[in-house]
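To keep things simple, chains are lettered A, B, C, D, E and F as they appear, and every chain counts its residues starting from 1.
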Amino acid sequence: TPESSERTAVPGVSTGLAVTGMGGDVLYIEASLLPGDKGGLSVTGQLGDVMKESAQIALSYVRAHAEELGISPEQLDHPIHLHVPAGAVPKDGPSAGVTMTTALVSLLLGRNVRAEVGMTGEVSLTGRVLPIGGVKQKLLAAQRAGLTEVYLPQRNEPDLDDVPADVLEALTVHIVADVREILSTALEPVSAGLVAAA
Amino acid sequence: TPESSERTAVPGVSTGLAVTGMGGDVLYIEASLLPGDKGGLSVTGQLGDVMKESAQIALSYVRAHAEELGISPEQLDHPIHLHVPAGAVPKDGPSAGVTMTTALVSLLLGRNVRAEVGMTGEVSLTGRVLPIGGVKQKLLAAQRAGLTEVYLPQRNEPDLDDVPADVLEALTVHIVADVREILSTALEPVSAGLVAAA
Amino acid sequence: TPESSERTAVPGVSTGLAVTGMGGDVLYIEASLLPGDKGGLSVTGQLGDVMKESAQIALSYVRAHAEELGISPEQLDHPIHLHVPAGAVPKDGPSAGVTMTTALVSLLLGRNVRAEVGMTGEVSLTGRVLPIGGVKQKLLAAQRAGLTEVYLPQRNEPDLDDVPADVLEALTVHIVADVREILSTALEPVSAGLVAAA
Amino acid sequence: TPESSERTAVPGVSTGLAVTGMGGDVLYIEASLLPGDKGGLSVTGQLGDVMKESAQIALSYVRAHAEELGISPEQLDHPIHLHVPAGAVPKDGPSAGVTMTTALVSLLLGRNVRAEVGMTGEVSLTGRVLPIGGVKQKLLAAQRAGLTEVYLPQRNEPDLDDVPADVLEALTVHIVADVREILSTALEPVSAGLVAAA
Amino acid sequence: TPESSERTAVPGVSTGLAVTGMGGDVLYIEASLLPGDKGGLSVTGQLGDVMKESAQIALSYVRAHAEELGISPEQLDHPIHLHVPAGAVPKDGPSAGVTMTTALVSLLLGRNVRAEVGMTGEVSLTGRVLPIGGVKQKLLAAQRAGLTEVYLPQRNEPDLDDVPADVLEALTVHIVADVREILSTALEPVSAGLVAAA
Amino acid sequence: TPESSERTAVPGVSTGLAVTGMGGDVLYIEASLLPGDKGGLSVTGQLGDVMKESAQIALSYVRAHAEELGISPEQLDHPIHLHVPAGAVPKDGPSAGVTMTTALVSLLLGRNVRAEVGMTGEVSLTGRVLPIGGVKQKLLAAQRAGLTEVYLPQRNEPDLDDVPADVLEALTVHIVADVREILSTALEPVSAGLVAAA
């Protein structure tokens, strides 16, 4: 899809699925590593209390599991800025947890998130993927945006009964219980160029 | 029980008993040790003032009694994140004190909390376990969740009169006056593998 | 008394007298010294503005008079946590000033507060004991709780006229104008064991 | 135009287009580099939450892309003050994002923004230019202020249909999707004097 | 007077004159120097915004004029706590400025404020004494409290017309335009003992 | 004039013109340099949000142009306190910008502001003087206070039409577009004594 391809063309950007007052929508989580020797997280995008906590949980998960994820510890010494456009639209809720976690890992590994992928799910501090609302609306939005793969929490599997058949046809739905299942499959491989340079 | 077994399968997670608008429920306290050389506590999960103070009391108790608990002082130099899913549900009250204390000790000793155990009780700064409300609802929830052992404050012993006989039959109830009584019996022993590696 | 004996069985806990919506009551101030090399005070227990300031005044008094009180300056380099159970009950007012000061000195000298003692009184930054309200209710509560000695501000002496004779009979009332008069008589002597170990 | 010529006669000042209660208007973003060895951003001008976040996003974009923009890293070690006159008028919204980014780059490269240029557009953390409102009013204001070139977000191109022909005649409208397109064309070249001195 | 004699018997305490809901009253400003190597001011006593600023102004005046006042710069490296009993009574207004300045200088020079002295007046950052309200009530309170000398702002001299003759008879009123006039006359001389020890 | 002569008799004090609920008035901005090695600005005088930002803008202007103004950089390493008496009167608005800037430069150069001078005007971060309100009332107040020279923003020149002829007769009005025009003419020359000592 043109839109998500452009948006996720750099490491640190992941595509989420959201419910708004007017149905479902696609949103992009952007993470950026800043120069500076003091770690820390700043968040923008008019995020509410719950969503700010989601960002904190996502970063703690990544920091505590950095070694296992192949992230070099030095990366975590720099400040990180996480932004969710559009900047004037208030946003809240825990369901961008997996998307934030994925954006951070994409950033810190320097590997793009695959453009055809969208995701939704709360993440706990231990990486469990907890259920969210609006599955039907979110899958309709994913299809509308031209995405072809979607990650959903295991405990939301029953909600697929309410999703129209043609939408399910158009999408590959990955059912996940742990955020590792997303992190291991939703990122592009390291590009040949980067490997050669290493 | 499958749910609590999965949730407590890593050190730092403890099972609490809570009262919600719709009866009793089981909640999980997750604690995680982060890289970084500045101690400190961050809490998430939409916790109210009283519950945030409970987390602070639990950490102070653990810090002041680290030696006695067998926790190495270096562990306490790192930041700790304590989270209580689900992230969007506001929670408050002092009765998760024992559960928070147990999650922290589990984390810092690297020993899982036993999966069949649930607990409730306010903790004071000296480790006394103070009484809480909703004993009947909490024990019903513990049984429903498949737990088989529950820790209750001594001053709540009279409340057991109101708990149905079949629930009491299904549960072993430990009556405690000091949080040490929980900490010494609710954690798994160090695994053989870890002992061998030490 | 069993309750206050157990509560004050460690250094850092002092018994105060309070007025609640339902008459007088006994409350316990718990102070704990934490590992860490940056002094400072954290307070918990849902304390209001005035009571938080009381804790700050108590600590300033102790810090400014440490030498005179026999407290080693190194003790004051560590963070102190002061808690007033029960954690969910809002509390306010200046009358726990002497109790907080006594708890801190008990903690820093490693000497228990005597179990039979209760106290009430505002403290100024220079150690003066200023008058408080609710003398009658507080003395009734002290007797009910089995305390046998009570410290009262000098300017509250006239209020003793309103206290029932049998209550006054049961209690030894110490009238004090300076907090030093409490600190020099309300603590247990250093235990033999500690002296031998020194 | 006299006004914008004077205002943008030093590096760090960029001309934005805004919508007020009384139609469109031109506003100036002023950025200044302060002595001091601790980076950081202070903002003044009675900016609302969204506009403060815009400033933060603009600075993060510039910090993360400093090398690519030709900005020496030492420049970013100093504090930056960003002000939007008039000081007593409350302002908000994300549409000054491109203007703030341009003011910062102008400041850090020491190259004036061209006096005949105005701009509007939200910026994302990756530099994408997102659509804004009030295109017609803003272009009317640009013409009234004597500007001759305007930068607009690509996704606002359809809004040009509503702009009077004579206004479009008077203005060169640059349609942009990435803030780099503005940064590479809206600044004055380095002055001969500065080059000689280098 | 017995009360003010006891209260001002240590360096750092100065007697002010205030207006309350029930006429004039005497209040005591207590300042204490704490161990610690980071300067700074903490204030307690339920002070309002204006009165907190007065404390800040008083300290800045003393810091900027330390050399002229004979205060050794090392004294200013320690934290200062300023308290105004009674702790539960809200207080506000700028008229304790001279009293706060005098308490700080008394503390830092180790010289008591003379017990027979009361004072009232706003202080500016340059030490000017600005007019205050309630002169009549304050002088009545001073006399009632047994004080015999009072310092008043020059611009309040006309208000003396309203003060009863017997009150003026009982008091020596010093009219001052600069706080130096108070600082040079309201403190006790250094005691012989201290001089000998120096 | 006696009042302004006394108030501006030390470096760091500048005379501003304000509009109050009861017409125009003269106010004094006092700036003081404090001992200490950490720069920074504290403001007192019950200033509103806009006026606090004015102080921040004034200091940033002075810091960024220190060299050009002849201010030694070491001066800026110390904390600065800026106060606007009377301490209990709430004040707000941007029109004291030039007065604050002048007070800071007077302080840092050690040169008094000329006693016969009053001023009003918003300052932008680049030093531009922006228009303000209440010109007529402010000039009436200046004359009433015995001032003989007044600085006004260029864009307020038309407002002089409304000022009574006798007031204009009594005052020399300087019309300025840049704050440098004030800074270069409103300060006393360095005194002979200081020059000799240098």
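We adopt the following convention: a contact is a pair of C-beta atoms (placed from the backbone, for glycine too) under 8 Å apart; a residue touches a chain by one contact, two chains touch by 3 or more.
None of the values given here were measured: they were computed from a predicted structure.
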Open item on the list: Applying the touch definition from the top, give me the chains sitting in contact with each of chain C and chain F.
Closed with: E
TODO: Could you work out the angle of the rotation that brings the CA atoms of chain A onto the matching CA atoms of chain D, rounded to the nearest 5 degrees?
DONE: 60
Open item on the list: Let me check something: if the centre of a chain is the mean of its CA atoms, which chain is farthest from chain F?
Closed with: B
Open item on the list: By mean C-alpha position, what chain is farthest away from chain D?
Closed with: C
Open item on the list: Counting only Cα atoms for the centres, state how far chain A is from chain F in Å.
Closed with: 53
Open item on the list: So the centre of each chain is just the mean of its C-alpha atoms; given that, what is the distance between chain A and chain E in Å?
Closed with: 61
Open item on the list: Two-or-more-chain contact residues of chain D, please, as numbers and ranges.
Closed with: none
Open item on the list: Can you tell me, using the touch rule above, whether these chains form a line, ring, star, complete graph or other shape?
Closed with: ring
Task: Sequence of touching chains round the ring, chain B onward through chain C - done: B, C, E, F, D, A
- [ ] Please name which positions on chain D make contact with chain A in the complex.
- [x] 39, 49-50, 53-54, 56-57, 60-61, 63-64, 66, 73, 76, 93-94, 97, 122, 124-126, 128, 130
Open item on the list: Under the definition above, what is the set of chain E residues touching chain C in their complex?
Closed with: 6-7, 10, 12-13, 28, 30-36, 42, 44-46, 81, 83, 85-88
